[in-house]
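What follows is chain A paired twice: with chain B in the first complex and chain C in the second.
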Partner chain A sequence: MITSALRIFDLSLGQMLWSRRSVFLALLAGGPVGLALGIRVILLLTPAQLPMVNGARMSGTAIFGLIIWLLYLRFIIPVLGAFYGTSLIADEVEDKTITYLFTRPIPRGAVLVGKYLAYLLCTILLVLPSAVIVYFIVTPLGGGSIGEQFPSLLSDLGMLAVGLAAYGALFALVGATFKRPLVVGLVFTFGWEPGVLIFPGYLKHATIAFYLQALVPHAMPNEESVVGGILQLFNEIPPLETSLASLAGITLVALWLASRATQTREFVLDQ
Partner chain B sequence: MAAIIAADHVSKWYGQVIGLNDVTLTVPPGITGLLGPNGAGKSTFMKLVTGQLKASKGAVTVLGEPIWGNPSLYFRIGFCPEQDAFYDRMTGLEWVTALVRLNGATEAEAAAMANRALDYVDLADAAGKKIGAYSKGMRQRVKMAQALAHDPELLILDEPLGGMDPIARRKTIRLIKEWGRSGKSVLVSSHILHEIESMTSNILLVNQGRILAEGNIHQIRDLIDEHPHTVYVKADQTRALARAFLSEDDVLSMKFEDGAVIVQTARPDTFYARLTALAASGELGAIHEVTSPDDNLQAVFEYLVKS
Partner chain C sequence: MTTRTRYFVITSLLVMFVGVGTGLVAYYVGIPGGVLSQQAGIEDLKILPSDAQLVAYANVRDVMDSELRRKVRNALPIAGQGQQEIEDRTGINIENDIDEVLACLAPSRGAQMPASVLVVAQGRFDTSRIEGLMRQAGAHVEEYNGARLIVASDTSRPSTDQSPALSSADTFSVAFVAPGKVALGSRSLIRAAIDQKTSGPGVTGNVELMRLVRSFDGGDAWAVGRFDALASQARLPAGLSSRLPAITWFAANAEVDTGVRGMLRADARDQQSADDLREVVRGFIALARLQIASQPELKVLVESLSLGGTGTTVSLAYDVPGPLVDMLGSAAGIMQNRPKSTPDAK
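Showing the complex of A and B:
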């Protein structure tokens, strides 16, 4: 199974990296870089200064934390997971190339796992460098030290990779199970997760964002700012160990179920 | 002689629609043609015997084993699907190599097998070209190459001649016959009796989800001769071709479409033989594509049912 999955990974990685979807991915991952550059240019060209929060001037580190929370954690990671994860098999079915993979001596489940691994590497290769670039542009603002904050950057990168793995696996399951997987994925991302997180109780345990936010090394933005006030609605954060174990569990179980669904489902191609 | 493919009371439904209805048959070793008009159930049958679909009822076995959920059987089977679908950014060699690697071959072994297969289908010269730049006939042949590269015992070909030019068509028919003569088996589907008959006399006739007849069917051959057969010929010099066709008494009518001439002939065998000779001589320019619409066979089936 693993050898077969690696062969599919090998075949799919190049296809995925040079697909039209990757242009969208690059634009999405480039968004925070553009924003960081914009902030930097504005501060260079105008006498404007970083905003005051709680009587103190905001630092570049805090801005980086805000970008991680708001852009990467709440938007880029789940959206990428939804767009890529749901299409792992659906794209091959739509292009009618799935026949070539399903009539080879490899288990169908391995096709899904191999494509998932290709998705993971492809998105990691694009998202993590984007976060690193943003870090180098933003952190020095207001006198922040790149070296001092470097360990927290590594935690951020780890969190992003874990997030891509968990969302990708969950949406791979959605893609292998539902007829309109992208719609289901977007409803989960923009409806279910933010909706459930603001309510007290146990429903939030049925989200990925709940566990993922425990891995963010930056403090959640302060509640006195508007953005911080919104984020405080989600401020129940589980212990790190629980989060890691839960995310690993979600990833493995979702991937196993997706692989099972691919194994048993018939894929009828349009004539 | 053990059956290569066996279907035991096999039915397949797509929701309320019946794709195949209670089919029981055995396919012997050698070359077998699956013949039927569009929507007859050929594609459903091909998908069932290649394990892409699971029978709603009954059992399908290939080379003595159930095919559904049995990936190891694909070491012994090569499948050339009907759909014109590829990873267009890859070259022919890259694509065939990548697919053969899925059979467990190393990169070097896969590349050697792919080169051999591309050579076998006369695509060695175009092996380094992107598939996206291939003509329809070349795309058909590269599909054949991926199916036979791993030297399977059973080759399953779904409409393999569609869109090929006359020369490629003749070569492909020869290749399929050679494959059969080498002791291997081939199941080939088509909606054109003339094509199937040029490869084998062992035919399965399928219509409306049922197998109408199987075996060596001479009567069908005679019947089809009584019906006009339409051929679409895409070529550089359609007017010159039309003039050449007009001098023959088997041509009943002709009309022109954008870059093509559509001919109705009373004797398809004679017509195809002449067309192939014209293409080989090159005296009337290149002939790019020869196709025959599905309604040829539909007319014969309707005639059969009436009589």
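Showing the complex of A and C:
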């Protein structure tokens, strides 16, 4: 099983990296870098200064925290998971190439696991360097210290990797189970998760964002702005141990179920 | 794995390893302040003593050029005698020569005074004129660690019972610590500042103080310090000092343009003290809101007061907008122009 999965991983990594979808991936990963560069250039070339919040000037560290919260955690990670995770099997079905994989002498489940590992490496190799670059561009603004904030960067990188793993596994399950997986993925990302997090009660435990936000080392933005107000609605954070255990559980269970669904499901190709 | 995939993986890993490696080095060893940093004054902070209890900064150029100052000058024409006196004695024109000022209050190295002030000003200075004028007043010049130290004559301040004669360590001195940068203060503090230039992080090694300083980067004026230092210097009544909630750090800043806005901040010793302080401030704001019923012109100011902060931090943001400054200026002008009543006039 492991050898087979690694072979599929090797094959899929190149396909995934150099596909048309990679342009979208590059735009997503490059967006925060472009934004950070824009902020830096504006501050260098004009007399503009960082905005004031409650009378105190925002620091580069606070801006980096804001980028992590708003861009990476709430948008890039779930969207990448939805687009790539749902396509792991669905693309092969759509292109009618799944037959070639399934007729090889390898377990069907290994195909999904190999493709999932390729997704994970591909997204980690793009998103994590993007976050590192943003950190070095933004954190020194306003006198922020790269050294002092370094432990929080490591936590951010860990959180991003765990988030990509969890969302990817969940959407791989969606891709292996549903006929229109991308629609289901987008509804989950932009409908279910933000909606459920707002309401009090236990429904938020059925999201990944709820557990993921416990791993973010930056304080949730709490300024009296529209964005801060919206984010405060999600301001219930579970303990770190619970979050890590839940995310590991979601990833492993979803991956096992996805692998089982790939193994047992009858894929009917449109003629 | 194809060659271009391999290149991509290597490049991506390289970016991560270089980034994480640099961060790791910065975390354990530190990176010089100038690298990647935007905070211009951070290097100056290094020459302030590490035991400074209070640090203050003002962007004199911004304040002097601001619309607010123009309005204040129009409303309250000041003769500027103090400025002229400084110019006559040292050759320094505060309005035109100084761009930025950084000051600190540190425990005195001399025996007589409990604390000394060190001021570091950046701008354009006529060094020979300053030295000449101070020499005329009896100062002498010393060489210390490659810098010229102009030590004022302590005969200018005679000894009395209330104010004993200064020790040589407390004598007022001036030194040009870098091109366009002058340090003024007690002789011992200036000597320490000259030493600090080449060794030690100075006040930047004080993590608590620097955390507050960094939050005010870019402001026109700010002050950060230990509250006990402020209370002792302000000589607050004993009853008042003992009733104040336990505050460890205080900070204030101001951003000047057509008006002035900023924040006052206090870090309390514990949650209870912070809650108590918040209640006190809330009470004062409520009282002010009651008062504006009879003075609606102050409504904007009172409504701009915003109490904030979490945990042990209490903050109060304020905003005095331009129109309110105009109005206060007009009122002050009317008060100044009003003829003084004399007993005969009654």
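By our rule, the second predicted complex is superposed on the first by the 269 of 271 C-alpha atoms of A that agree within 3 Å, B and C clash if a C-alpha of one lies under 4 Å from a C-alpha of the other, contacts with A are read in each partner's own complex, and residues count from 1 in each chain.
Everything below uses one rule, namely that a contact is a pair of C-beta atoms (placed from the backbone, for glycine too) under 8 Å apart; a residue touches a chain by one contact, two chains touch by 3 or more.
Values in this document were obtained by computation on a predicted structure and should not be read as measured data.
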Mind working out whether A:Trp18 is in touch with chain B, chain C, both or neither, as first, second, both or neither?
-> both
If you stack the two complexes on chain A, which partner ends up touching A:Pro140: first (chain B), second (chain C), both, or neither?
-> second
Greater residue coverage of chain A in the superposed arrangement, chain B or chain C | C
Which holds for A:Arg7: it touches chain B only (first), chain C only (second), both, or neither?
-> first
What is the contact status of A:Val268 with respect to chain B (first) and chain C (second): first, second, both, or neither?
-> first
With the two complexes superposed on chain A, say which partner A:Asp95 touches: chain B (first), chain C (second), both, or neither.
-> first
May I ask you to decide whether A:Pro105 touches chain B, chain C, both, or neither, giving the answer as first, second, both or neither?
-> first
Contact residues of chain A, present in both the chain B and the chain C interface = 10, 18
Using the touch definition up top, name the residues of chain A that touch chain B in the complex.
-> 3-4, 7-8, 10-11, 15, 18, 95-97, 99-108, 263-264, 266-269, 271
Once bound in the complex, which stretches of chain A touch chain C?
-> 10, 13-14, 17-18, 43, 49-50, 52, 54-57, 59-60, 121, 125-126, 128-129, 132-133, 135-136, 140-148, 150-151, 153-154, 157, 222, 224
Contacting residues of chain C [partner chain A, same complex] = 1-2, 4-5, 8-9, 12-13, 15-16, 19-20, 22-24, 26-31, 36-39, 42, 213-219, 253, 255, 261-265, 306, 308, 310, 315-318
In the complex, go through chain B and note every residue touching chain A.
-> 14, 43, 50-54, 69, 71-75, 77, 79, 81, 83, 85-87, 89, 98-99, 101-104, 146
